[in-house]
Structures are given as structure tokens and as C-alpha cells.
Amino acid sequence: MKTRVVTDVSSLPTYGFGTSASTWWGTLGFCAIEGTGFALAIGMYLFLAFSNPHWPLGFSRPVHWPGTALTLLLLLSIIPNVIVERAAHEEDLPRVRWLLVLMTAIGLVAIAIRFVEFYMLIPRWDSNAYGSIVWLLLGLHATHLITDVGDSAVLTALMFTKHGRAKRLADVSDNAFYWYFVVGAWLPIYYLVYWFPIL
Amino acid sequence: MIRRMAWMFLLSGALAGCRDWQSAANHAGAEAERIWSLTLLFTIVLGLIWLAVMIAVVLVIRRRRAAPVSAHDALIDDAGHRRNSQIVGSLLAATAITVAILTVLSFITQRPLFAGRASTAGIRLIGHQWWWEVRYDGATPAEMFTTANELHIPVGTRIRLSLESNDVIHSFWVPSLAGKQDLIPGHNNSIELLAQRPGVYRGQCAEFCGLQHAHMGLLVIAEAPDAFEKWQAAQRAAAQTPQDGDPAKGAGVFVSKPCALCHTIRGTSAGGTFGPDLTHLGSRAYIGADVLPLTPGSLAAWIADPHSVKPGVNMPPVQLQGDELNAVTAYLIGLK
Amino acid sequence: MRRAAAIPRPAEQRDTGLDDAELRERLAYTWGRRPGIIGWLSTVDHKEIGRRYIITAFVFLALGGLLAAIIRLQLARPESHVVGPDLYNQIFTTHGSNMMFLFAVPVMQAFSLYLVPLMVGTRNIAFGRLGAYSYWMFLAGGVFLWVSFILDIGPDVGWFAYVPLSGPQYGIGKRPDVWAQMITFTEVASMAAAVQTIVTVFKHRAPGMKLTEMPLFVWAMLVTAFMIIFAMPAVMVASTSLILDRLVGTHFFNPAEGGSALLFQHLFWFFGHPEVYIIFIPGTGMVSAIIETFARRPVFGHIAVIISLVATGMLAFGLWVHHMFATGLPEIGASFFTIMSMTIAIPSGLQMFCWLVTLFTGTPVIRTPLLFVFGFFFIFVLGGMTGIMVASIPIDLQVHDTFFVVAHFHYVLIGGAVFPLIGATYYWFPKITGRMMNERLGVWNFWLAFIGFNVAFFPMHILGILGMPRRVYTYQHDVGWDGLNLTSSIGAFILATSFGLFFFNMWRSARGGAPAGRNPWGAGTLEWLAESPPLPHNFDHIPVVTHATPLWAERESLPIVSGISVNRREIVVTTLIEARPEVRESSPDSSIWPLIAAIATTIAFIASIFSPWAVVWGGALIGVALIGWFWPKTIREDLE
């Protein structure tokens, strides 16, 4: 078949940020999958809470301080996250470097607090269904914390090598995007675990 | 053609004298009758719609056409688009209306089904892997009794069964009387039966419950109220104690061997609750949750090696001498 | 970048100013796979992976069919002893799980992986490495299930694995865990492929291909991918909670400790009902593609069909409770699901009417693919009618968990998905292999399948009414089911013969079929622009799309894009709705890491049904593999 050129794309950039990057959409897809997972786990909690005459099945609500501390830390972390995203967009490598170090450190502290939360939980996962679902919620979110911190750490290392440029900066911005998801997913869980009414 | 073949098979089966005592079509209960009418109505309406679609497909295939145009021309020539949109639109409206009517009919039919749920049950049906425990309630302990795999009900009376399970999920289903309802551990369910004519109706567990799900049958015997009262009075009585011969010897064997650990025979020291209550075993038609008709031969075979009849059943083979086996069989058969 | 070292080339070579032969040679080289076994294991080409996926899924179809044959042998006569209850329960569980998780969903996704990039006019699926990983995970999950089955630890709790039967107290050994973890394998694979499909469709369409003008098959796969994203996490949550109950003593489903057996059913069917549509909607996409080509006109009501697909996909999430009518739910709740289940007939009807009008106003050319579409009409519409019956609570209470339902869902799934799939195989086989399938065998194939299917499954409706429950390994003589069961078994063997013929036809045609050329059917969509089989880079030039059936609209010359690199893998990223070019993005190169990551994941998944610590060290193992996967190999890769 004969052809005729109607569009030339040679002047287009070779990587993009946000909605013009495939990776951004891929990240969004996985956030949708994991978000559905969180929604279902929350649904399980509510189903169990409303199908039992007493909730939380003979336990009292856990002490909220470690959870509250984590929530505050995660909410505050949004500020450097916004800045790192912007720095990546501006391809400002030095700023990206130290902000990524900061974000990784914040993530490590968050994981540490999560372990304190587990430690202070009175019901164990095998105590009864209440214990099981609380451990499931915190555990599910912990895997996301760990995954994101792992990702941030690898990216941070990458930024200190010769690869810290161009398309890899778009990856930094996707990583920041994922962190919003990790923070956002925590808020309903925080409410359920620490403030949901005793029925 | 295929449908006709299928119906011919169905007919020939019926003519050959098979008992359709487990058929939703052979309804004998109020609920089953209502559902069957609805099923027939749905079948006719939907069958006609299906037929109409098939006729349309055949017309499409057989329509005479002018010489094939090129697909390129088809892009440009879109005459009749408006008319075709109207056709699709009207068909869609017709679909919506049909579906709405069927939904309403379904809702009307389901009303009685949900209506009586709150009433109290006189009989508790407890599912076990793989048999049914049937407990008749009463005002005093003397009026209560337990039997297994056979449910007697009086004709013309609404009977509510509570449905419970001690192990896995089972489902109670006697097609001639009503639709099914699950027995779920930790969940209270019930079902209402109203038998319209006397008869023996077979049911079977309908939720997969493990190895012998296929052999978890149950008989519902609907009888005239006086016959039912007589049966109930007989069941309330403790087991007769045989005085001599094989049955008396068998009674001794039963309580001295492991049998008594799992089975209850009221009026004796046998008080196990793991297996079915055998107080009036001799009055039942089948053994092993409807696996074998109750005869001295089948009962002896069952006791000697239940696993050859119903592989994986929870009853262990009991070591008995030949004469002990005969004696136990004679004893149990005699428990009318 | 060993290749670059072997043949020195300028740093940047665009497709402008090259003659056709050189352009093709260079692009094929850039997009081709490396030689040798490592090259074979490292490929990220959607066509190679799609082909492997299709072949593997067909192997699982054949294996699952063998199990079905054993089931029908056993049930042909009452009280028969072909297999015992223990083996029978493993067989029907493996048959169901295999057909749903290892055949039906993967084969549809496989066609999506193969066809969607071609149909939207790009050079590879998005995240090609993820596609490779998806395939290896799927393969590992399938092998895991079948090896378990052969070792007599196949799952025996039904494909739905209801608790408490599958729970810690009643589930024997590791059998339910095998089921639960096989789910995890296949769902990871499916979700990965779903994300790939979505991103490819959203961002990698050829310039000018508006979202509303995409081929209907692509639309169907897009809707399916979204359904996978929102449905499959439910079954993963269910199966993971089940493993936790069994392994570490949680009580999600234990009523004695506040858990609930019904919770499992809700989770399972929240996935399980959309699952049916995840299988069926691709089937409708295939039907649309075949009808369009063989009716020789675009499908009537393109937008209406899109609306119908989207509506079906959304409504499918509101039906799950109709699998639970017998569990004693409150009337209001249950009735809502009756309404939803009835409503879904409306979009399905809309599609059906559009197809009929298309055929009526077109000039149909009757070939094997279209025969299978007619078979689809006959069978699927009947299945749809019985679907309306089971949506009614009273009727469902009689026929639920009986052979009536077995008949219903085989009519819907085989009629709605497998008939279109076989038709689609006849249709796209020339594209995939470059050769036509034999038409005469195809006609035989169709009639045997059509007759065999109906003889096998129609009597089951009646068996259900006569009281025959599902999942029974045998039945007694005195219930009157003998004749119908025998008929059904005879039909099953006719159906099996048709599949034998189908596989034989594929095998023979792949070797000696008539050469197909680019567009043997005179179809209008972009996959027929590529060579048959397509070259590694799919298209010498990325087309610019002006119409829903570009090959029909542009007869004189094809508008194309220029300015794309030929010595590195580059694709055009376009905007979501209008497909205006945005970025020239690089597309992943071949890599062995997806295979390594899949091996690591497999080890972690299998070990974690034995020890909870496997999650920890297995997670670390996967983490290492993923770093290898994403770590850039050379600075050049970044420059590009």
C-alpha cells in the first residue's frame, strides 16, 4: 500500500511527566488494583463489625498514640513529597537527591512506627476475628509502606549514579505520586482501627 | 430436534416407571407449586423470545441480496440508518418491558417465601457430614425426640424447620415441596413446608459438603394428621428392650462395643451423639442417609463395612464376630 | 546493548529518508529478539508472548477437557465406579478452576496481548517486560495446579472453595492451599496484563484514532481490563484470608470466633460474577470483529455497542448476590440483585440487535468464523434466557446448585465465549501464522461442536428440574436420571471430537495451510495492515487513523507518521481521547529479569503455603529481582 506522510513527530520530546508518560498510567492502574484491595479489606472490617452483636469482640480499641503519630508524619510528608515532585519536573538533580534521602528517611521512620503499632496491639491475629482483621488492615498497609520505601531507596541510589537524569526523573515523580496513594489509603484505616465506634 | 430428543428421553424415563420423587416438576407442596407455575411461565415467554431471535437469525442468513458491494462503499452508503435505529430502539424497549414484567411476577411469587420467616420452628434440622439429624421439639422433654434422615410431616399444615449445621455448609432441598435453603454454621436459617398431598418425597443435600456429598439423601414423608400423630407417639417412646434370642444378645453387643459411643438408643445406656439416633431405626425405610433400603442384609453389610457402601463415611468399621453381627442387625431391625 | 556494538550505527537514525527495504530491515533488527535460548526466554515482544499465552491456554483447555471427559464417563451410568469420590472431587474442582483461571481468562488476555497493539497501530504492548512476567506467572500457576493434581494433592473443595469445607478444620492437607495459591498466581498474571492493555489502549494508539473510533474488540478488551482491576483483588483477598486462616490461625471465616462463613461467599462472588463477564465480554468483542468483516460493513451502532459494553461491565458488579439466594439473605437485599440481574439483559439485548441489523443490512459471506458466530447466537441467547430464570429468587431456589445451573453457565460460557473464541481463532489464525485454516475441516468442526454441545448440555436443564444436584460423584438408580445422563455423556464425546478436529486443523494448517497474505478476509482494521505473521516491529510506518475501519476508508494511500527512530525501540505516545501525538517514548528492550522475577515470585508463593516466613524472605528475593529488572543497563538507554 502506498503511503503519504501527514504527521512528523521528530520534534516531540522522548520522555514525559504525568499523564503524558506511560509509567504514570501504569502506576495509576496498580493504585486502582491496590486501592480496590484496601476497599475490600475495609469492607471486611465493616461486615464483621456489623454481623457481630458486640464489637470489637471483647477487646477495647487500641491506644491511638502510635497511629496518630504515624498519621501526622504521613500528612507532613506530603510537603517534601510535593517539593520532590516539582524538583523532578524541573530536573533539579541536587534538590531531588537530598529530598529523596529525606523521603526515604521519613519512610523508614513510618515503618518503625508501624512496628510499634503492631507491638502495642493487644489482640493478636489469632485471638478472634477482630484481631485478624486489624492485623490484616495494618499488615496490608505495612506492605505498601515497605514497598514504597524500597522503591524510594533504590531511586535515591540511582540518583547518585550516572543514571540520575532525564527519564529517571520522571520515575521520581511517579514514585512521589505513589506516596500520595500510600498516605491516602492510610486515613480510612486509621479511622477504622483507632476511632471506629464500639458497637 | 435436540430438544425433542431430550423430551423423548424424559418421557421414556417417566414411562419406564422411574420414581420422580425428587422432581421440581412433580410438585406436592404449596411453595413448589407456586415456583413451578412461575418456571413454566418464564420458560414459555423466554422460549418464545429465543425462538423469535433464532427466526431473525435464519432470515438474516437466507435473505436474498444484490451482488456484494465493497466494504468501502458500505461506509458511504448508509441509507436506512434512521429506520434501523428505530428498529433497535423499539426492540430495546420491548426487552426492557418484558424484563420488568418478569421481575414483578418474580417478586409476587417470592412474597410468601419471605413472609413467615419470623415464626418459630417446631423441628430442627441439623446437617452433618453426611447425614441429617432431625429433632422434634415439644412442650416437655418427654415430647421431644430425635431421629435421622427421615422427616415426617402432617399434610395440610405449615411446618417451619430451623436449619443448622455443626460442620460445613449443607443445603436442604426437597424439590417436590419447596426450593432450597442453606444450613450454614453460625447462621440461623429456616424454611417452611406445606405438603398438599400425602406421599414420600426425596431430598438431597444441594451444597457441596465434601467426600460423600452425593450420598446425603433424606426422605420427607407427608401423611394424614392422624397417621402423623401415631408416628410421633411411637417415636417419642423409648426403645423396646428385647427379652430373648438374637435381638437381646444384639442389645448387649451394641452397648458393649464402640457402637454406643456414637449412637443413642433411648432407653438403653447407649448415648453417643456423634452419629444418628437409632432408637427407632427399624421404622425407617433407608440407611446411610438414603444409600441402601433397610433390610437385614443391607444393614449387616453396612455395619460390617460402611466404607464399602459409602467410602469415606465417618463411621468406622467395627470388629464383630459373625454371630455378633447377626445379633446386632436383628436388634436394630427390631427397633420399630 | 551488545547488538549496537556488533553493528556500528549512527547514534540516532530516523525513518525519514530510508528506502522501504532498509527501513524494514533496520526496524526488524531493532525490535527483534536476540538469538539463542536466552533470547527466547528474554523476549518482550507482545506477539511472541501472546502466542505462547494462547498455546499454553489451549493446552490447559485440552487438559481440562480430559477431566470433563472423565466426569461424563463417571456420570454416564448410575452408581458407576470409573473414579471414586476423592478423585472425582479433585477432578471437578480442577476442571472448574482450570477452565476459569487457566483457560478462559488467560486465553482472552492472550488474544488481547497479541491483537490490541496491532489493532491500535503500535509496535509493542505497554510495559513489555510486565507481559513476559505475566506469562511466566501464568505458566507457573498452571504447572503448580497440575503437578499438585498429579501428585494427588489437587484441590477438592470446588472452584469456589467455600469455607468451612476449605477451612483449617475440614480442608485436607494442603489441597485448599493449592487452590488458593493458584488463584494468586493467575490473578497476578491477569492484573498485570490488564494494566498493560489499559495503558496501551489509552496512550499508545496510532495518532488520530479517537477513543470512540477504536475497533469494538479493543473496546471489549478495555472494559474487560477494567473489570479485572476491580474484580480480581476480591478473590485475592478471599484466597489470602483463607490461607491465613489455615496457616497462622486467623479467624476471618470462623463463626466461633466472630468470623463469618458468608463473608467468604461475598468476597468470592464479588469477584466470581464479574469473572463471568470478564470471559464473556472479550467474546462479544470477537463477535463484533467477525461480523464486521464478514458482513462487509461496519457494525451498526458502533457507539451503542460501546455503551452496551461499558454498561454490562458496570452492572456485572451488582449481580454477585444472585449466587447466594439460598443463604437466607433479607428480602430487600436479595430483590435488589434480582433487579440488577434482570437489567443486564438490556445492554446484552442491545448488542444482539445491533449485530442482527449489521448482518441484515450487510452482505454476509459465510465462512467458518461466521458459522461460529451463528452458533454463538443460538447457544448464548438460550443461556441468556436461563440466566433470566436464575435471576428470579423463587426459580433460583429450585434450580440453584443443580444441573440446571451447570447447563446454564456452560451455555453462557461455551456459547458466549468459546464459540466466539474458536471463530476468532479461525479468523486471526492467518494473521498469527501466515496461513489459512482449512475451511472444510472448519465446517465439520463447527457442526460437531454445535451438535455435540447441545446434546451434552441441553439435557442438563431437565436433569436439574428432576432434582439432580451439582458436584455429585454419582447418583442412585431410583431417581430417574439415567437416560438423560447417558445422552449428555454421548454429546460430550461428540463435543470432544470437535475439539480434537480443531486442534488437528490448527496443527496441520500451521504447517501446510494456504498462504494468507496481509488481509485474506478483506477486513478493515489495522492488524490486517501488518504482514502475516507480523514482523517484530508490526508496522513499517505508524499509520495515522482517520476512520474506525481505516483499511476500508483509505483505499488509495495510507496516511502515516514519520520521524521515529529506527535504531532504538521508540513508540508514539498520544493523548487519551483524541490521540494527538505527545511524546516519542522508548519501549522496553528484551530482558531476562522478568523470568528471574517470576521464578522468585513462584518460590515465594509456593513456600508461603508452608511457612508464613516465606513472605518475608520471599519478598526480599522478589525485591532483588525487581531491582535487577528496573536498574538501567547503560547510560545510552537513558540518553535514548
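Order of writing sets the labels: A, B and C. Residues in every chain begin at 1.
We adopt the following convention: contacts are C-beta pairs under 8 Å (C-beta built on N, C-alpha and C of every residue); 3 or more make two chains touch, one makes a residue touch a chain.
This structure is a prediction, so every number in the text was calculated from the model and none was measured.
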| item | value |
| --- | --- |
| Chain nearest the overall C-alpha centroid of the shown protein atoms | C |
| Far-end chain from chain A, centres as C-alpha averages | B |
| Inter-centroid spacing, chain C versus chain B (mean Cα positions, whole Å) | 37 |
| Geometric centre distance via CA averages, chain C-chain A, whole Å | 30 |
| Whole-Å separation of chain centres (CA-atom averages), chain A against chain B | 51 |
| Where chain C touches two or more other chains, by residue | 260, 262 |
| Touching two or more other chains - residue numbers and ranges from chain A | none |
| Contacting residues of chain A [partner chain C, same complex] | 1-16, 19-22, 25-26, 29-30, 32-34, 36-37, 40-41, 44, 47-48, 51-52, 57, 125-133, 135-136, 143, 146, 150, 154, 158, 162-163, 165-168 |
| List of chain C residues in touch with chain A within their complex | 14, 16, 126-127, 130, 191, 194-195, 198-199, 202-204, 207, 229-230, 232-234, 236-237, 241, 244, 248-252, 254, 257-260, 262-263, 266-267, 270, 529, 541, 544, 556-564, 570, 572-573, 575-576, 581-586, 619, 623, 627, 630-632, 635, 638-640 |
| Partner chain B, residues of chain C touching it in the complex | 84-86, 89, 157-158, 162, 164-165, 169-170, 255-256, 260-262, 296-298, 300-301, 304, 326-328, 331, 335, 338-339, 342-343, 345-346, 349-350, 352-354, 356-357, 359-366, 374, 377-378, 381-382, 385-386, 388-389, 391-402, 451, 454-455, 458-459, 462, 465-467, 469-476, 478-484, 487, 522, 524, 547, 549, 552-553, 555 |
| Contact footprint of chain C on chain B as seen in their complex | 2-3, 5-7, 9-10, 12-14, 18-25, 32, 34-35, 38-39, 42-43, 46-47, 49-50, 53-54, 56-57, 59-61, 63, 65-66, 68-72, 74-75, 80, 84-85, 87-88, 91-92, 95-96, 99-100, 102-103, 106-107, 109-110, 113-114, 129, 167-169, 171, 173, 175, 178-182, 184-190, 202, 204-214, 217, 290-291, 311-312 |
